[in-house]
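Alright, structures below, take your time with them.
Presented sequentially are two complexes of chain A, the first with chain B as partner and the second with chain C.
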Partner chain A sequence: MKKDYSILKKSDVPAFFASLANEMQLIGPKQLFAGDVTFDVIQSHKDIYWDYGHVVYPPKRFLLPHFEDMFRYTCDEQIKIEPTCNPQPQAIVAIRSCDVAAIRFQENFFSYPIVDPYYKERLNNTVLFNLVCNTPPKEECFCICCDSGPWLESGFDVQLTDLGDRFLYEVGSDKGEKATEPRAYMLLPATPADIEARRQIELQADSRFQTVSYLAKAINFISADEVPAKIWEDLGSTCFRCGACTNLCPVCTCFTVDDREEPDGTFTRCRSWDSCQYAGFTREASGHNPRPTFGSRVARRFYHKTSYQYIIRDGRHGCVGCGRCITACLTKLGLPDVVKRIRREMHEFLPPKEKAAEV
Partner chain B sequence: MIAIVQEIIDETPDTKTFRLAFEDKEYAKSFEWEPGQFVEVTVFGAGEAPIGFASDPNERSFFELTVVERGKVTRAMHALKKGEKVGIRGPFGNCWPLEDMKGKDVLIVSGGCGLAPLRPAILQILANRKEYGNFLLLYGARTPADRNYKYDLDAWAKRDDMQVLETVDVGDENWKGNVGVVTTLFDKMKVDGENTVALTCGPPIMIKFVTLELLKMGFSEDRIVTSQERYMKCGVGKCGHCCINHVYLCTEGPVFTYAQMKELFELKL
Partner chain C sequence: MSYVLTTCGFCSCGCAMYVQQENGKVTGLFPSENHPVSNGRLCIKGWNATPAILGADRLIKPLVRNGDRLEATSWDDAINYAASALKKIISESGPQSIGIIGSAKTTNEECYSLVKFARSVIRTPNIDGACRFYDASLIPALLETTGTPGSQVELSAIPKAGSILIVGSNVMEQLAHVGSRIEDAADNGCKVVAIDPRETRLAPHTSLWLHPKPGADLAWIRAFLKIIIAERLYTKNAPEIPGFEELRASLEGIEISQLKYSCWLEPAEVHKAVELVASNPPTIVMFGLGALQQPHSTEIVKGLANIAILLGGSVMTLRGQNNAQGACDVGLTNDLLPGYLKLADPVARKVWELVWNCQLPAEPGMTAVEMLKACESGTLKALLVFGENVALSAPNTQATLSALNKVGFLAVSDLYLTETANIADVVFPACSFLEKDGTFTNIERRLQRVRKVFERIGESKSDLEIIAMLGAALGAKMSADPEKVMAEISSSAPIYKGQSFRQLDEEWGRPWVPAENEAKLAPIETVTKDSEGEYPFYLIASRINFHQQTGTMTARSSVLAREYPETFAEMNEADAERLGIRPGSSIKIISETCSLTRVLSVSESVPKGCVHVPHFFGGDSPNALASYETDPVSGVPIYKAYAVKIEAVR
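Then we have the complex of A and B:
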């Protein structure tokens, strides 16, 4: 689709999102009483906290809820099954590029080879208003290494770039077009100077990253199963199995399914987030666990994130460089550190000749 | 779809076989499955669990599932009575390569409740007996009381178109057969490693040693076929539990040749 740039003046932003709120639920960055910012339901467009920088908790839960009721049933003589999933239109406003990229990854995963109707239905009802990062990236950010930011070429419905007193407004999908149309009268055409201003922001953004992750070599080692179990066990030995890395990861999708009894005697089948870092994730009813050690579970997580096999399967590697696993992990098992340690320690495993070439 | 428990057969102290028929007769007619596949069974009020088919695939009026009592769902399933209802989703997964095996000798090695997913394959081979060569079944159980499908094993042992060798880990006063793990039966059998396909299912440790022994006997890696087990929830390749490397066991498995297992690092021996 043809890229079309317009301008949304900041003075028009309240009217724009107030109007959007009449059509759909707004989700956006919201400052809580103690000053923390998190993605939440926005009651009034005034609550959208535009200058939020970064949030630790991704807006993943608005598409893949922690607990999602799939259907309800009764256990009487006649078994009655009623669907419970009924997503309403929503817009996630001021979402960051890394989180949009993660949602595209999830969309692909949940559409192929079998479609997940729950995720699909929610996403079909969701419009993503991406806000380009032109604040300095936080220390842990490395989206630049993962082709997922700080701005996006595609994948967004609408992309906003902050140009001071105005936003550069890009429509990236039919869904974005549809959400823009009733308010198109508020947009002004963009001038070449606006587009140049955005280009300058892009150029600046590139040079600001403090964390980089040289993924390629680690991808090779992991894809070929060349990382010795000892390295994984060393890495795993510091894991507290808290699951924060997978819970905060905007890409992670694994879930478990349970039937919950309701006070009225009916039952609800509910799916909820699960984590490959928990021992119970693979433990079978017999007690046998094919991934019995911390190391084997850490290996699993990074295999899923970085192996070629997954890149081929899902179209990209499973990391968007948001840096949340670094922030969350008590013992530095975030992706860049693990990649660094694999590169460094594999170096010690290589025979001397290859070692020389490696340096 | 809703299915009704028609019959419950006690197999061992902790294992029962459930004979199920769909409530909707039209749906039952369209319900086809292959040996090696499984269904997700909902025990209403308890939850859902994946269970492999254990009956004759040509029998269209019902199917059977053999269930060991272990977790929440299987415990609730064991409490079911004749006439009660369960929910069925499926069939899921791939199947034993019975078509490709035609013209070859067949060796089946199974342990404990690992005989359950192989039983449809055995019944299918017996139904088309002329299309296969020599047919040998090895079965190991913990004790004589833990033998699954005793009625079948005894009937199969009497047939002259197949050979059945059995063993138990621990015998009792009435047990006159072999005692030891299932690989101890390998000395007692004659197979042509070049022209035989081996199907195996059982505890992971059994699959490991059986595969190693078969490789020693000259079986090529693509003629050793196993059904793998993993904790599983959704059955459609989304929940992530059964995933080995990038392969979702519920959609691309559970049946793998050793040649395929080697590519999946966690299944390499």
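Then we have the complex of A and C:
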């Protein structure tokens, strides 16, 4: 669709989102305690905390809830199933580019080869108002290395760039257009100066990152299956098995289901986030575990994040550079650290000729 | 939907987390990014066990025994039933025939209220806490040495340490936030010396790992001290520290060359450990339950504190339960008053007599283990247990079950129908930490707010409310308002002075400040106990990543329960071969008290002559194998060094 730039003055932001809230639930960044921020249901547009860097708890949970009741059933004479999931229209406001990119990855995963009706219905009911990061990124951010920020070329429904007293307003999808239409009268045409201001922000973005992850070499080694088990086992030996990397990764999709008996005798099928870093996740019914060691499980995670296989299938890395794996990890198994260690330690395993070429 | 900031109720790290609920269920949770402990991180229990607290089998109504069955009843009936039974026992046998055991899982306000209830309403001296089963030996030992009955430093000191001596703790699995900081310290060049019979996941971060004989830590500790003193490796002013000469004298006669026999360690290894620790200040001496649940654990803690003092370092206590520190701080012990004031001290007694309006005995009451023995012998006619699954957490399960069955009246307050609650006369449905307000005190003495996320499940109530109701039925007025109870604690317990809900709500909690006591060195007596002959193996019982305490909460998480679907025991390959037992087959582990069966796996992390058994497989706890033998000073059972024999199950 044709890109159309407009301007939303900050003085019109309250009216714009108050009007949107009449049509759908608003989800946005909200201040909690002592600098903690999270995405939550916004009761008033005043609660949207625009000036945040990043949040540790990814907004993916508004599409794939952390703990979710899927349906309730009874097992009397006849099995009766009663759905409990009834997604309502929602707008996720001021979501960051990395999280939008992650949602597109998840959309691929939950659409093919099996369509997950829960995810699909929620996504169909969701409009993403992406907020470009044009303030210095947080220390652990490296979206620039994963082509998932600080701004997006596509994937958003609406993209907002803060230009001081106004937002540059970009519509990126039909859904975004539909959400914009009733409020289009509040938008002004963007001037060439506005477009230039945005271009300057893009030009400055690269130099602001403190963390970078040179993925290419690691992708080569991992895709060619050249990383020796020893490196993976060394990395795995430090893993605390907390599962935070997978919980907080906005790209990760793994879940488990279990059935819970309710006090009234009915049963609820529940879905919750799970982790490939837990041994029980891949253990088979026979007791055999195809990924029995910590190292093999860590290897699995980084194959998923960086090998060609997933880039070919999903069109992008399994990482959006949000840096939550760095924040959340009790040890140092964030993606940039692992990539760095693979690049450095592989020298030990390369044959002399290749080692020379490396230098 | 909304998030409530609260303090995690599993281990003693005390992470701050936000919990979201909808229609009585957890729908989301995440760690605080700015909290000084959690820093955006949670361990596996925090991530997975919190929703399991709201399991469908939570007790929702009080239960009263009718013959073989526990039947649901009203709160009024249950309280009146318990109060009548207690009144009758008091009038017939006196208040001292009632014993009360509290939990280190409950809030400070609940622990304090239970102490007050025992001492001023029931007027029994027999009040004790679950710490008696775990880490109570550190209190007398540290009061005598460092003067601070807890960690001397905060978690933020760990990454800056020059050396860490860590004894008897599977820290990476049980206290992940401590483990993570030890790893940071090692990356910063800190020399980590671990002393533990079994090698754990801490190993990649250590400079040296020594494998002493289980239960023989005192032998190497005495040698360690002797080397420090003999080679003048101590800090400059150490000889002026009170007790230096007495300590030196108590170490005379030690034959370091005999270490191999007394504790399986080579003298050169111990020398190397001393050298690493002494030459890399500042030193933090850490110890966990491995050091605290063995013969003469009070002496062991004194010895470890002496090492820290001599080297100018500090002590960090790696306690287990979420509120182990706070429970002791507010007086949930048989021999101390809130704030670690001694019962024997008439001035301290006077303070609390005025607050509680009662007379206090100068003599300590029974410890938890002594109470169980007294239930068996008939000395105790009633036992009240709040939040502790004594049937599994106490040693000698057979004897404990017999004692609990024998006592005239047993009342239990808990979330679920635990093995203990199942044999009670009356069961009070308690609520979890997600359903109440209060405070916990973490491993670094940080007093933190616990905030109510949920409305109470069913008719459950907080222990604070239950104690107040019981108090009222016995004619006493006790507050069920946690804020008022904290105000009462902080008004009279010096270490909690200035703490209030209002102040705690304005910041990330606040560590209580240790009194400025001058450190003292304590003489260390030698004790050895060999277990050979009929029972040639040492059993090492340990905790694993996925569960806390007796698994009452964590085992209800489907993800955590999934990780180890069956029970197991680990043994060195050489031992298994010698016994002709193949991995995957069942073995019987037999002690003097009973036996249990496990599937064997082999692991080089377990030294020869030992068998490792993790806790948390329902009623089949390795605690069953222990006897009622305890450390003579603190009364902590000897869980970590009992002798067993192994037989193949054919």
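Here is the rule we use: the second predicted complex is superposed on the first by the 355 of 359 C-alpha atoms of A that agree within 3 Å, B and C clash if a C-alpha of one lies under 4 Å from a C-alpha of the other, contacts with A are read in each partner's own complex, and residues count from 1 in each chain.
Note that a contact is a pair of C-beta atoms (placed from the backbone, for glycine too) under 8 Å apart; a residue touches a chain by one contact, two chains touch by 3 or more.
Remember, it's a predicted structure, so these values are computed and weren't measured experimentally.
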| item | value |
| --- | --- |
| First (chain B), second (chain C), both or neither touched by A:Trp50 | neither |
| First, second, both or neither for A:Asn247, with chain B first and chain C second | second |
| First, second, both or neither for A:Cys75, with chain B first and chain C second | first |
| Which of chain B and chain C A:Cys329 touches, first, second, both or neither | second |
| On chain A, the residue positions that both chain B and chain C contact, one per complex | 256, 258, 261, 274, 283 |
| Chain A residues within the chain B interface of the complex | 73, 75, 79, 109-110, 113-114, 116, 225, 253-259, 261, 267, 269, 271, 274, 276, 281-286, 288, 290-291, 296, 303-304, 307, 309-310, 313 |
| Touching residues on chain C, where the partner in the complex is chain A | 1-3, 5, 18, 25-34, 39-44, 46-48, 51, 56, 60, 172, 176-177, 179-180, 183, 187, 201, 204-205, 458, 507-508, 545, 558-559, 562-563, 565 |
| Complex contact set, residues of chain B against chain A | 2, 42, 44-48, 68, 70-71, 74, 85, 87, 203-204, 229-231, 233-234, 236-241, 243-246, 251, 265-266 |
| Partner chain C, residues of chain A touching it in the complex | 32-36, 38, 40-41, 56-57, 61, 65-69, 234, 237-238, 240-244, 247-248, 256, 258, 260-263, 272, 274, 278-280, 283, 327-332 |
